[in-house]
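Before anything else, here is the set of structures, which you'll find just below.
Across the two complexes that follow, subunit A remains constant while its partner is subunit B and subsequently subunit C.
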Partner chain A sequence: MSLFWIVIRQLAEIEAMATSKKVITREEWEKKLNDVKIRKEDMNKLVMNFLVTEGYVEAAEKFRMESGTEPDIDLATITDRMAVKKAVQCGNVEDAIEKVNDLNPEILDTNPQLFFHLQQQRLIELIRNGKVEEALEFAQEELAPRGEENQTFLEELERTVALLAFEDVSNCPVGDLLDISQRLKTASEVNAAILTSQSHEKDPKLPSLLKMLIWAQNQLDEKAAYPRINNLSTAALEDPAV
Partner chain B sequence: MPTTTTTAATTGSNILHRLTSADRDVKLKALRELKNQIIGNRTKKLSFLKLGAVPTVASILSDAVSTDAVVDNNNDNINKNIIVQSAAVLGSFACGFEAGVKAVLDAGAFPKLSRLLSYHDEKVVDAGARSLKMIYQSKLAPKYDFLLEKNMEFLLSLLNNENENVSGLGASIISHSCKTSVEQKLLSDAGVLRKLTSLLGGSLSQRDASLESLATIFKSNPEVVVKFVGNESERALSCIIDLVKDRFARTRLLASLCLIIVRNTSPCYLQDLAIKTKLINTLLELLGDPGQVGDEASFAFSSLIAQKEDMQKLAFEVNAIDKLYNHLKGGSLHPLRFEGILLALADMCSKLECCRSRFLSLQVLNLVIDALAHDSSDVRIAACICLRSVSRSIKNLSAGSFMNETVVIPLVRLLDDSSTSVQVSALGAISNIVVDFTTRRSLFIRCGGVKQLVQLSKSMDSTIRSNALWALRNLMFLAENKCKEGIFLELTASLLASLICDPEPIVQEQALALVRNLVDGCISSVEYMFAEDGIIFDAVGRQLRSASKAEIGIQGMYVLSNVATGKESHKEAVMNQLLPTENRTQPYLINFLQSNDSRLRTATVWAVVNLTCSSSPGASVRVVKLRDAGIVSQIKNMVNDPCLDVKLRVRTALGQLMTFEDSST
Partner chain C sequence: MSINSNNSNNSNNNNIKNQDPGLYFLELARASSSTGVEEEEEEAPTELNTINSSGGFLVVSPDKLSVKYTSVNLHGHDVGVVQANKPAPVKRLVYYFEIYVKDAGAKGQIGIGFTNETFKMRRQPGWEANSCGYHGDDGLLYHGAGKGEAFGPTFTSNDTVGGGINYASEEFFFTKNGAVVGAVHKDIKGPLFPTIAVHSQNEEVLVNFGQKKFAFDVKEYEAQERMKQQMTIEKISLPPNASYGLVRSYLLHYGYEDTLNSFELAGKSTVPPIFIAQENGFDEQDIVYALNQRKTLRQLIRNGEIDAAFDKLRNWHPWIVQDDKSSTCFLLHCQKFIELVRVGALEEAVKYGRMELAKFFGLAGFEYLVQDCVALLAYEKPQESSVGYLLEDSQREIVADTVNAMILSTNPNVKDLHCCLHSYLERLLRQLIACCLERRSMNGDQGEAFHLHRVLNSGTHATGC
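Take a look at the complex of A and B:
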């Protein structure tokens, strides 16, 4: 948060100084940046937050030992969460459901949308594996009652069952359901629900900070020419085009 | 699909069979399987419930708890696991499923689950607390008696527990069981508010549970609210205000609800414009939530703005009508959400004309009319309430915006509804829309509306009778003669007379008010009073003599006032009614003039004014009679009546009386 406000304050200063577009040289810019103080502990916490949220449990453990940064969550729970996520990503949805229920039975009992999406993913996997009979039976027995309860679910169910109607599923209008991205989508939904149940944010903070950086730069572009960061992975300052 | 059902049933009884196995591994595996089958799946919960799974699992839990106590073997992992899994199964049966809660309670599982709270094993405690929490979400859960000292101690120990499920359970118990102001005060005095405030800083589930309990303890209890907001600390309240901006939708809703309850309980708090706007905006935004939060948001919004013109104004300025409409427009809404949005619109349009104009210009009306035919009776009721609220607009009533077939036909149809509450709310809407448009009343009559209303005025249910009469009364208001005649023929003098003498005072009042409108206007309508040997007129007189409440006197006196505007014979009939010659006791006229209710005094003086109008030949004789009965001197005493209305009529009456005084002396 603090980094964001520093940028904002600088923006305000610049706005006060210049009415027309001002040019700031790399030298001036770097001097300004040097005046900004970032605490090391804050950086470490951001890194830890990223590792924990993304589920890099071993890296988090190592990082904890090396940097002395305490994670805000029991690292053991990350392992469980990652196992669930991985199971969905591999298409073992039933296994994932069992694991979530072991972790906390309230999650799926109080989150009908997530429960439906997991069941839908199960159906998709059955269809993918060519188990037509079983897929039909599963759709009728497990999914149809959910569709009766909720209009949106019914539409999604119809879309999914439509997969059975096509000979060449890879080339049909609902083929995207068989895509790996569908698994990833479901996996990230489960991941988010587990994190929420653990009172943890479902997104890491680092990407938000970078988003704010880009937004602030865009705002600044209207007022000044300055060394901009265009490549986020190198974070290199690029000379202003004058 | 016979095959499917067979498979499902076979799997079901197979699991049940294995639950009773002597082999503990088999039993444990079956428990887990059952758990994974029913979690999130209402249909499965129901089918296993029917197979009798709940008592079986309850007895497994019971046995495992006893084994644990006897063996006292902390290393018996299988047994621990059986306890955890069976508690989770029972918890899931109780989750969002009332029949399940009932079965779990009937199977005697409640005390067993409670025992799990004192275990050392964290997993066992978690499972027990979660399941109990589920049970306490239901109305069926046993009431917790806070008045018992040991119960209060136990509750505090739950709230103080480090385990979030256990402290959350404590909060759920409060939300479920705290009902009376005595209990609220007891909890507040025991330091529960402070404890709950500290939970606001805890985990997501602790925060939500605590917000709910705080709201329960505050509700309609200004003393507790003052203690919390005034003495305890400003900080606690600002902590709740912060949670209105929380990341989680449910938390935002619960925090808003808590603040709304504080506001509605003690109107002196949270009057800051920023907070008011924040609450309105938050709730309008939460309407967009696809889940339960979105369903509940509109009800919370209603409780924030209901009866509060300033709040309705603020909401109007942030386009609340448009936003509510946008959610309606989407179509295929869950009935609960549909109902909530309609009621929110009703509250928005209950006072302010600007809201009603916006409502009508957006064509929301069409959607509301569709809702009149919705499958759910709650939605139909909400649509009627909404219609009633919008049709308070005099401007649009006069323009005939509501008196057209698209509105009237479905409304009249609802008069036949199987639900009494729907009938009553339809009558409420009709009462408003039939007011004040002389040209279009015939449409209502053509649609069979009058027949229906007359039919309902004979209902066994007094609420329906009085509401039907109310609608007829408004239909009669300033109606042209032909219209009145039509209604009167349908009603008949004898039915009207019997309704005036109805056992229920609210019915009597409406019947008299109807007659008042019937005889209002031209002289020929006064004749209705004397149809069938004057049974209506006699009934009015009877009610006036025994008027059980001021409202009946008021309506009755206006009836007589209106009759007294008629011919000499009409005026004489009123005189005989007011001052019967054979009766020597103090006339009720005096009592009415001395009433505490200024409306009754006004109505009574009106009658005297109409009787003593100097242009009519018999007036001087009537003045003498009135003077002899002590009425004139009573009116003279009223020249300085505190009510302006009364004072004005008294001056008019005295002015007329004086002309006769002068001529007689």
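Take a look at the complex of A and C:
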């Protein structure tokens, strides 16, 4: 080892000692990792939960056969949910509303905000397709009455109608409403509402656990230097900074 | 072991030639019999400790849930102090207890707080090192010194006052009449006893260790603490498609090929389609390795067709089954035996056991599983017996995972044994649990333990760490 590296290492050690941080070597840490017991069924469950919540219905079906893991929701309901989501993503909002009501009319009845956002999306699609008259009529008849009940809705409505004021919408301040991300946002809102109505969590557990990993590592950083995993997609342990 | 005896054929596997992935699963196969030890309930305080209290100055009622100062106080060393009979339990998010001031007596010098085992039982909690207390006469908070600091309102007759420890934030907190007064950093290590003090004539205090409903809503407080932590965690951002990529590599790793195909097909048709970053390209080639063979073998084993699995292995990867005393062969033989018992072919099972399992009796590492297998024969309803775990689906899964790992280990590109044993997902989960455990152990095992199993089987999101 060159003298340079020896000095660097010594400095790092001194620093670690000064902040009274415990240093856990790779070897010690690997031993701790090996002592952790994780059940295969639990991992399978985690994967199944992801497939089901994210709506990978065929994959969930296959996974049930290949791993014997039971899904925590009736797989048939996923197909319906995904059809609604897809309809919104493709801009067929009317179709989506109908499908949600077929699934469970209570979802929209008890969710005025979601219903408003769907109607707003419908208005956006009309404007996108250049149906100005239809859009105006729809805004006045369906959306304005709701805006009167709720200040936030009113502001949203005004923002949306503003789209009509611009000839070149791609360059206007509210142009983001026409972006694909607006559809995705509305679609995931419907998706979450349907899941909640089926008494299922609206988000899969896996992303939460990954966030928790990052958080737990940050927490431990305050007390110790230890091998971290910085790249989630390779899960490679990186040596502590000492 | 088998890899050892074969390193001439697999000279590339230098790193892992001395390790047999099968051994890892051998341990798992036995471990699955125990369903994991649940943490035992900790004892919590139930009453006041009448033995270690400053007798003479106070009287503890026969039910040990109230105290009264009976003498006239003269100086600071005649405080009537009493601790709970047990220290506050630590393996939880929050500990909490309450007092009710029945009579503030002559001066209302009542204190509530936490003290350690060596606390001098003649002083107010907070006046001495390793103690902390909230005092009624001045509303000050004392921790470790005779001088208090501004904290909250005073309290007197008819007030309910609570003391708690928040293990997540490492704080003491106090309440008055159901509302939080404030919190202070907890820098005392070791067991802490709920403590109350009375210090002037006729002061009388009732204590509630949870036998009665608290004035303060502890459940709600806990829920809010959890929510706070949850919000912090949810705010962390992940690289795009991190979860998708991990699920995909998991399916690849274990050879769930049909699921993988459906998953990828669906990933392409989502809006927007999912792209996995190119940087994974290299690693991926390694887990695509022998995917179809691994899938086929898993299917056979999951269906209980062990003979067919053996045949395929002899064809595709003869060295894996070459040493009949390897842990992989052993697990396969055990499974074959189990399958015979399952279908009630007991005579055949006995014959098979004599031929293939008998040689493992007395061999360290193999013994327990052989004994458990053979024990299946002793029961009329083996699935209800203590060795019933062998007949569960999870046992087949372990055998399938063993074969899967063995095949992965034949890949000349494989870098180390871990790549064959653990998927990326598993490595991340291990890291998560190890971090939580380590941090908790540095905190003297205080706070809630993180239980992956519990998180996955509950309707709520991940909490506690």
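Quick note on the criterion: the second predicted complex is superposed on the first by the 223 of 242 C-alpha atoms of A that agree within 3 Å, B and C clash if a C-alpha of one lies under 4 Å from a C-alpha of the other, contacts with A are read in each partner's own complex, and residues count from 1 in each chain.
Everything that follows uses one rule, which is that contacts are C-beta pairs under 8 Å (C-beta built on N, C-alpha and C of every residue); 3 or more make two chains touch, one makes a residue touch a chain.
All values derive from a computational prediction rather than experimental measurement.
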| item | value |
| --- | --- |
| Which superposed partner A:L209 touches (first subunit B, second subunit C, both, neither) | second |
| Residue contacts on subunit A - larger count, subunit B or subunit C | C |
| Subunit B versus subunit C as contact partner of A:I229, first or second or both or neither | second |
| First, second, both or neither for A:T110, with subunit B first and subunit C second | first |
| Partner chain(s) touched by A:A162 [first = subunit B, second = subunit C, both, neither] | neither |
| Which of subunit B and subunit C A:L220 touches, first, second, both or neither | second |
| A:T196 touches, of subunit B and subunit C: first, second, both or neither? | first |
| Partner chain in contact with A:A59 - subunit B first, subunit C second, else both or neither | second |
| Which of subunit B and subunit C A:V47 touches, first, second, both or neither | second |
| Those residues of subunit A which subunit B touches in one complex and subunit C touches in the other | 199, 201 |
| For the subunit C and subunit A complex, residues of the former touching the latter | 31, 36, 232-234, 236, 238-239, 242-243, 245-247, 249-251, 254, 256-263, 265-266, 271-272, 277, 279-280, 283, 295, 298-299, 302, 393-394, 397-398, 401, 423-439, 442, 452-453, 455-457, 459, 461-462, 465 |
| Of all residues in subunit A, those that touch subunit C in their complex | 22, 24, 29, 32-33, 36-43, 45-47, 49-51, 56, 58-59, 61-63, 65-68, 86, 89-90, 180, 183-184, 199, 201, 203-217, 219-220, 223-224, 226, 229, 232-235, 237 |
| Subunit A contact footprint on subunit B (complex, rising order) | 1, 3-4, 7-8, 32, 35-36, 39-43, 88, 91-92, 95-96, 130, 134, 203-205, 247-248, 290-291, 332, 334 |
| Subunit B-touching residues of subunit A, taken from the complex the two chains share | 97-98, 101, 104-106, 108-113, 115, 137, 140-142, 145, 149-152, 196-199, 201 |
